[in-house]
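What follows is a pair of complexes built around chain A, which joins chain B in one and chain C in the other.
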Partner chain A sequence: MEIKKEAMCGTLESNDLLVKVAPRAGLEIVISSEVLRQFGARIREVVEETLKHMDVSQGQVVIEDKGALDCAIRARVQGAVLRGCECEELDWRIL
Partner chain B sequence: MRWLRAWRHILAAKQSRPIEIGAVRFTGHPWRMFRNEAMDEELYIETLDPREDVQGAAKVKRLLYANGLKIEDDIECFVVARSLRQIVACAGLAGCLVKCVAIAPEHRGTSLALRLMNEIQQLALDRGQAHLFLYTKPDRVAFFEGCGFHKVVEVSGHACLMENTPVGIKDYCDSLRALRQPGQRIGSVVLNANPFTLGHLHLVRTALEQCDWLHVFVVSEDASTVCYADRLDLVRAGLDGMDRVTVHGGSEYLVSKATFPSYFIKDTCVVKACSTAIDLLLFRKHIAPALGITHRFVGNEPYCRLTRKYNQDMSEWLEKSGEEGNPIHVVEIPRFEVKGRAVSASDVRRLLAGGDFETVASLVPATTLARMRARYGLRAKPQAGRRLTEIFEVG
Partner chain C sequence: MKKPRRSMLFIPGSNAAMLSTAFVYRPDSILFDLEDAVALREKDSARLLVFHALQLPVYKEMEIVVRINPLDSPFGLKDLEAAVRGGAAIIRLPKTERASDMLDLEREVGRIERECGREPGSTRLMAAIESASGIVNALAIATASPRMDSIALAGFDYVVDMQTQRGDGIELFYARCAVLHAARAARIDAFDVVFSDVNDDEGFLKEVQLIKRLGFNGKSLINPRQIELLHTAFEPTEEEVLKAERIVEAAEKAEREGLGVVSLNGRMVDAPVVRNARRILQLAGSPPART
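Up next is the complex of A and B:
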């Protein structure tokens, strides 16, 4: 999937995260988190995995995490990417 | 009041746009309900157009006033939180600026602030504006950081410019760093070039004599008579073939509505000092180090008071030690004169409006003249006259 426009998904409330995506040459993932030291690597892993699963290889993904669980991270990344791709028909297999 | 709430739901449902199923998004609704557990009440998050909803605007005004703020004329849209008939929180959007953010004291400390700021970002995004800025006092920085804003630059003790991305200014500076040039004296010039005149050309030439490399920035804010794309084109054409010069397109970080607002905080004097300070400190702290800039050249200003003030402030904020970043030397260059009068772009605009291409020809380089002729001069006479006046008297 190709990120065509800027989009966001999520909130900055506790246990959630805010994901913003934007078109960009090359893949850039920026993560800030309150628990970056403990879980930074794991958050990146989940984000990369989700993006790979959705076949996103280009774009900027900015994540501001407030201690979200893996499932929340996955869902928010998916949400932001789908909005950014202006996806009309949803392929449920990639989610 | 139950029936009233039900009625609101029905009304709201009628107004709302259809939900996009594919993209699974629910934005763009005029309302969203939000249960504030701490207060045990329901709040409605809505958008409010201050130009249409006069009553609503009056309520917002009251809330802002109670919090020591004023409603601003340029706000296109508000996001408000209503508890029944009262507005308890608001945030305004004016282009890329978030303004007039206030929350009633009894609703502070809940997650309402997050909702409000999230909502305003979503609203801006729907309007095609993803990159947002805001001004605040240094003691409120922590609050906005909690809402997803990041500090760009601060005038200590007075004001702070923030943006809604952690990588905005960093990305911009990285892109500039790629264009860095070697040398001891690296100069910079910021031009609006509305339009590009012999005065600008003289400034660039004189500056270039005094440094190893010159970075020329063209203001990208489209508030000028000649649109940005044309202005950039005029500068590039005018400086074509010159060695040791890089022409940069402008950005939101350089003399833009974001960095140079007519923003109003209570004390007018503070704001007037601050409005140039933010822009200049941003240049000193971020842009100049990225390119290794040591000098900023500027034409002296015989006519316009505002520009003269900006020039004076320049030495204050760029050269003064004690501020962050290395000092940048400001070099004022006497204006280029034709027949005893300093060449000014506003004079050129006035002459163009009158269709006086002969006098214009003595004030602008051939490249500008040719382009202005092509753009405005070859139209059918009566229409051209009218259009020119329309176009040129605005700026």
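Up next is the complex of A and C:
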């Protein structure tokens, strides 16, 4: 999938995260989190795995995490990417 | 025997924190709401949140209901894809007016189950009735499909449709009775309306006593604080439990001895009385809610 425009998904409430995506050559993932020291590696792993499933290899992905569970991270990354790709129809197999 | 279904806690599908933690309140079932609780611009993100929240192991052990948007809205079918593929036990259809609404839902659920490899028939259906038409057609709705699990009354839209407003409950009297009779005739469960003033415990308990006496299985809830109040109100009295224990003991004794007729203190006990006694003991043994 190709990120065509800037988009965001999520909130900065506790147990949630805000994901911003933008078009960019190459893939850049920036993560800030209140629990970066304990869970930073895991957050990155979930983000990378989610992007890989969606076949996203280019773009900037900025994560502001507020202690979200993996399920919320997946949902918010997917939401931001789908909005950034201007994707109306969803292929559930990539989720 | 089925588990009690006294409390169905509504959780907004767009709220990541509540979706992640709702299980701690231990309601009998949790409803992830994709309809009224979700703003139009967050319908897409809520759908994804609910799909992934359904994957949490703790929710695999609970009864999770997903309320989708109506199928004739731009969101309904997409919500349904997320809910069925995510593994929701029950789909709640809002604004059900007639049996064909449930048949349309049944057809789409069957298609999605086939496409995603989910066991055919494993997704159950709940109709929410919110209008005079829905009430008039309640029995046809309740018996529309073998997937029918339950029928729920939704009060706010209903009283608007009836050109009245919420009050002491008299405005819902016919609707409650109609929904309940349809559910019992169809052998499915019935859920009462939300009580929206979460600070009015007295009013809430008065309503709970009424719907318990009418025979509802339980109630839709919008605040976890109401769970303990509801469960406590549904608990049988000590006297009811003792009587139920005696009836069940007599039934088990008759079964051991191969007797076709159950008798207690020289009086015959009918099968429905035994079933009711078992239901009372099950309610008495249900774990208390945590607040």
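What we mean here is this: the second predicted complex is superposed on the first by the 95 of 95 C-alpha atoms of A that agree within 3 Å, B and C clash if a C-alpha of one lies under 4 Å from a C-alpha of the other, contacts with A are read in each partner's own complex, and residues count from 1 in each chain.
What we mean here is this: a contact is a pair of C-beta atoms (placed from the backbone, for glycine too) under 8 Å apart; a residue touches a chain by one contact, two chains touch by 3 or more.
Please read these numbers as outputs of a predicted model, since none were measured by experiment.
In the superposition on chain A, A:L95 makes contact with chain C only, while chain B stays out of contact range. By the touch criterion stated above, A:V30 is placed in contact with chain B alone, chain C being left untouched. Of the two partner chains placed by superposition, only chain B is touched by A:E86; chain C is not. In the superposition on chain A, A:E13 makes contact with both chain B and chain C.
Look at A:A75: by the touch rule set out above, it reaches chain C but stays clear of chain B. Contacts of chain A with chain B, set against its contacts with chain C after fitting on chain A, overlap at residues 11, 13, 79, 82-83, 90.
Across the interface of their complex, chain A is touched by residues 15-17, 19-21, 44-45, 48-49, 51-53, 55-56, 78, 81-82, 85, 116 of chain C. Interface residues of chain A facing chain C in the complex, by the touch rule stated above, are 9-11, 13-17, 68-69, 71-72, 74-76, 78-79, 82-83, 90, 92, 95.
The touching residues of chain B, when paired with chain A in their complex, are 21-25, 111, 114-115, 117-118, 121-122, 125, 130, 146-148, 165-167.
If you check the complex, the residues on chain A that touch chain B are 6-8, 11-13, 18, 20, 22, 30, 32, 60, 62, 64, 79, 82-83, 86-90.
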